[in-house]
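What follows is a set of structures to go through.
After this come two complexes, each holding chain A, first together with chain B and then together with chain C.
Moving on, here comes the complex of A and B:
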């Protein structure tokens, strides 16, 4: 990978500092849990990805005799990956926010602990109880499946623990933002009035918007769970239309927020590599405030097939789905392209993953817009097109997250040279295997191969072929990801062995406890790398 | 702290919203029981029938140009048969769709019944001479095929000479069950919904039995109007809570220093 010395561009460090001001030595800082999150994410991602490979192998007919575990594993893979993506994005966003606001360290630790407890309950429900209602846990299936009642209750308890934990976490982040900013500043409304002060980092605006929407999503989950519990206790059924609306208000919104939080991280970190600030302005403020409203209406596209949903709402769903892609995605992606264009860009593993993540978001977004078009959805609904587009999103999101973990590790590993050649090989393999894996989904969807079939009938034999190829590509992707994660964890380990002297010593130049940017942190090492 | 006061209040309000509608509202008239829904789209066999006037017709000729409402009875029933036929007759009159939108077939499941018994039953209900009300008997084998297709169960009690049986009204459209009603509470209201469907009206809002809580929408079969229900309010709760929490947290403004 090509590296450019940051110091050859005057003003680079100062510009980055403007976007990400460092904290004064005397000011307390939220305890970082990013390392623990990184290890948790890495471990869970590998396990859950293995389940995905297992599913594609079963669909390909390569694991005869193991089909009966397909639906429990589908449930765990789905809810596990969605939840993991969300918490990893939250953790990364919180890490990025530490420069700007002071969140509670206790809540940060509570979030990690609560998530672990929720995951353990999920594992018990699925592995011991064979709970298999799918990650949507769409009403009334959890209460009417062939699994034991206790496994359904355990699953609901797991969601309760996770929901409450994440709600507390979200509220604490909002509280922390509120301590430093007024609501109008946190949402960037002063930019709409033409004011430029105070300068609010885009990450703060995005996280504020995301946390407000997140409260909506998580309260929706709470209501769904209360209704489930009431039916368990009283036997009185709930309205299926209400339950489905609430479930997707929660689920669809949550996975969207996972991407938005990852985007906040890119807004925060990519300028460090571009040597230019990525400041908030009127357009950024308009786009992310639009998200506040639009993202809550886009979930209606999940109910196109529900004839009881009023037709007006279906049209709102299509318009909102189209509209949701414009402000956030287009503004962000064009913003990123402008940031990189003719910039003194340092292409490292982190910045490449950030950039690829944004591009993956664009590709997955196009797939999503196609699927959210009612006339197309009639054909594509419940085909492999659906997992195609959301896997594109999720891989893009995980790319950003892994990039951010590496970014954080590099902040500590000062003076250490990056293995750019090895990283190039890793990224090439990641992209190639991801393209192959996703292409099998897209092609399957285009040829009407249904989703959620554990074994394809003879009429859908081509689906089995796609599944086998997908399993091969996914295995390569997983192996490369493991190598990538080893590299990421290694960057932290090197940082840890680098010693506190290096940490404080370098940052002392900039007068801060913690280096705010890799350019600032790595300093002359950037030059030395190029010199190598 | 504002939060410490507002959380219990918010929780109480949320609970009140959730619990209050649970105590109100009876079983909606549009309820489809699991047994009824099992019959939907069932194919009904085309069998020969002997009508009260002595003519023999095929069953398919009766649903050829318009839907056919099929019900079962027997002439000497001391139980539900006559009251049920009376309900159907009154519901049909109230609806006003007989002849125009559908016709009605009352089929005896007693092998002892004859065409004369059918005329007698029509007379008793005041339906003699109504061309859209058909009373008929069938050969045992044909009868068994029809009752089997519609899951209509009956059993002769030798001690009393009476049949133990249920009450069913099935709407057959082009040879398939479009809707089925078991006798019971709310029959007339549910009949109205069925009649609207037979006229081609789309009725999207069925509910399952046991007093479904917090429906998003309900349907009034008399006026044919859809109306919003408590469930829509619940759908708005998350947004309201998020707004309240956000404004609550940001209420004090940024702290200096």
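Moving on, here comes the complex of A and C:
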């Protein structure tokens, strides 16, 4: 028997069960919803990624005659991926939260149904109306493109449906949190006062912060939509700068929240594999509460090139963008690395994807911080550097989501053997193809190749070469992702037999993945919880 | 003797021509000449007026998608279109293109297919407008002031990366390498499971936080003063007004606020600047939001701002490089976004001594 002192992270086998965070509730209420979300995410991701491959092929000059669909597909790919990432993260966070608080099943189904209706309206707008105003539909472009007015109205209706649905969903999650925790506790403010009770899981703090910010972002979206409708009905134009601020307050925040929700999932699930607790404390509370404010100010970096915006606001944008990186790097990334360092880690497809997802978040974050430096932004704004960094952490986010789906599947089908060799090949291919795909974006951005060009001007014709290589890498990535998703869906099959194996490392004897519950402890290590 | 020829015959009446008749005919001829001399310029003036109005309309409504002798754009080059299509068809397609397309006109359908499915929009032009535009297109190139075909541009390999851009890339790659190494070390550490002293780890975290804070603050302090926003009192050597619209940049020596201003203002068709000049671009948009990205002779971004309807962004650039410059739209603005570009040159000349700003790029 091994005993660890109070100020150490356990590095021994068996510690996992004693040290893993407690599960207050274990109600399979949202099980069917998470399964439906998994299938929806998998199907939509493959379709939307195919559109991305099509875009890079067009830019590479490999699809002569099919260029006319570039901008409509760009719009669908952009808004589809941003929205999909958000809802998939929401679904995973809800699933993780299910162990602590109970969100409404009816609202979860409503969220799924509303999202499907919104997506159908988007498809009608883009495929039948060739709507192509881009994913952030910058005012007044939706009203002044070459597409028919009805397609713009359909697009705005789609966003209205999605916005209302997600607003209701967010409010229900906040309601569910409020049933169990006071606002002060849910935001971890008692940790700031030096109190350690009640113990609030980090996922609860992150989700609460994210949902509050999300409500603000969605209200901004509602204002944008109302102003669009007003112009449609009355012909009264809106102020372009105000609309741009509101659009990015909504768009930037939504995309960031998608990542934060994915991080909440990692906070919840990674300890199961590391065999160590990852608890909330004063630093975690300060970190995520600061995010509440910072994320709402960082969006100004999208408007650096609007010189009429007050200079003070621009400087706040840079400082806020920098400030956002500190809690992420020093608290979350550092915390995750500390959790894994010399831990009795069970490396499975899920834990590897979590780990790589965090790494991708860090790398994409560096690309974003560089771009948020005003002097650098002059050289990078709206070049391929922008899709370079957001694709980096979106791929990281999707990695975490896929990992979480697999994690949930394993919980449902314990005992089934993991195909570790096959998974090693899949992950290797995923990493290699993602690196190649992203490198083409970064190099193109450094060479000032503009984003959102269906055909590059002759002076920047070398951009076509990067696009073609990116299409090749993206195709390999997509194919591997499909194989991964098949594996994930397969993980949900119940009743399979066979012992689980650890993937790498010496933790093979750690055995199969177990849902850690207070009563499920197998090891008997007396491990003290580490609070700070 | 009568001179007879089937084609040439002086006599209209047998018996020869009398003096009176000669005078009468001469008078009629003189009257006709006088009439022609009076009416000719009037007619020519009317034709010129139509051409001028046609040119103004073309500049206002058509140039977004078409050129007159400058090659295909979003739609076809319309030089000589009057010789290829009937005037009736042209007039109808100019005034009611949506109807022509809806009727399944084979020519219109073929054009739609050829030009990437982008339909010609109904611009609300009248029959008179269409006639003026057709007159303009039918006029000889000199009269029409047709643009000369652009000089052939050749595909060039990737240029050498500018210092600023390469610094950005290398800093990113350097930090990425550090991240990968740290994650790699941590990942591999799980092969050897040991206890970790958390208090030491938290000490390390405090150190990292302090280092991170100092680093971030230093970078912010060092870079914020370099931001491309104007310092008070900066005066440009030259002001260029830029009006962006789907899908062109209009350079002018006077402000352009509306589409109508384009034909009224002193438009700069060929912009030439001088090395060392501090140039202020006053950039606005007449429709949607565009980007105004200036690419230097190395074909990489040197400066940019947004062109936003209802606002004027003032971008000051010191022209430190000479050669051909390219301007690209860097904010997506619909179907012809990738075709929206402009060119100007910076000629070699002594830098203007009267202005010596410290930063090479200053804007407000």
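Simple rule for what comes next: the second predicted complex is superposed on the first by the 459 of 532 C-alpha atoms of A that agree within 3 Å, B and C clash if a C-alpha of one lies under 4 Å from a C-alpha of the other, contacts with A are read in each partner's own complex, and residues count from 1 in each chain.
Just so we're on the same page, a residue touches a chain if its C-beta (ideal position, glycine included) is under 8 Å from a C-beta of that chain, and two chains touch if they have at least 3 such contacts.
Computed from a predicted structure; not experimentally measured.
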Clash or fit, chain B versus chain C on superposed chain A: clash
First, second, both or neither for A:290, with chain B first and chain C second: neither
Partner chain(s) touched by A:424 [first = chain B, second = chain C, both, neither]: neither
A:475 touches, of chain B and chain C: first, second, both or neither? neither
Touched partner set for A:217, first chain B, second chain C, both or neither: first
Touched partner set for A:178, first chain B, second chain C, both or neither: first
More chain A residues in contact [chain B versus chain C]: C
Contacts of A:134 with chain B and chain C, given as first, second, both or neither: second
Partner chain in contact with A:105 - chain B first, chain C second, else both or neither: neither
First, second, both or neither for A:241, with chain B first and chain C second: both
Listed stretches 256-264, 292-300 or 346-354 of chain C, narrowed to the one that overlaps chain B: 256-264
Overlapping contact positions on chain A, where the chain C interface meets the chain B interface: 239, 241, 307-308
For the chain A and chain B complex, residues of the former touching the latter: 171, 174-175, 178-183, 185-186, 212-213, 215-217, 219-220, 223, 226-227, 230, 234-239, 241-242, 245-246, 249, 296, 307-308, 310
Residues of chain C that touch chain A when the two form their complex: 116-119, 121, 153-159, 161-162, 164-166, 168-169, 171-172, 175-176, 179-180, 182-183, 186-187, 189-199, 201-202, 205, 208-209, 212-213, 216, 219-220, 223-224, 226-230, 246, 287-289, 291, 293, 295, 299-301, 303-306, 308-315, 326, 328, 330-335, 337-338, 341, 361, 363-364
Residues of chain B defined as touching chain A within the complex: 14, 18, 22, 204-205, 207-208, 210-217, 229, 231, 234-235, 237-239, 241-242, 245-247, 249-250, 252-255
Residues of chain A that touch chain C when the two form their complex: 4-5, 7-13, 67-69, 71, 130, 132-134, 138-141, 144-146, 239-241, 244, 283, 305-308, 311, 314-315, 318-319, 322-323, 325-326, 329-331, 334, 337-338, 340-345, 347, 355, 358-359, 362-363, 366-367, 370, 373-376, 378-383, 385, 442-443, 446-448, 450, 452-462, 504-507, 530, 532
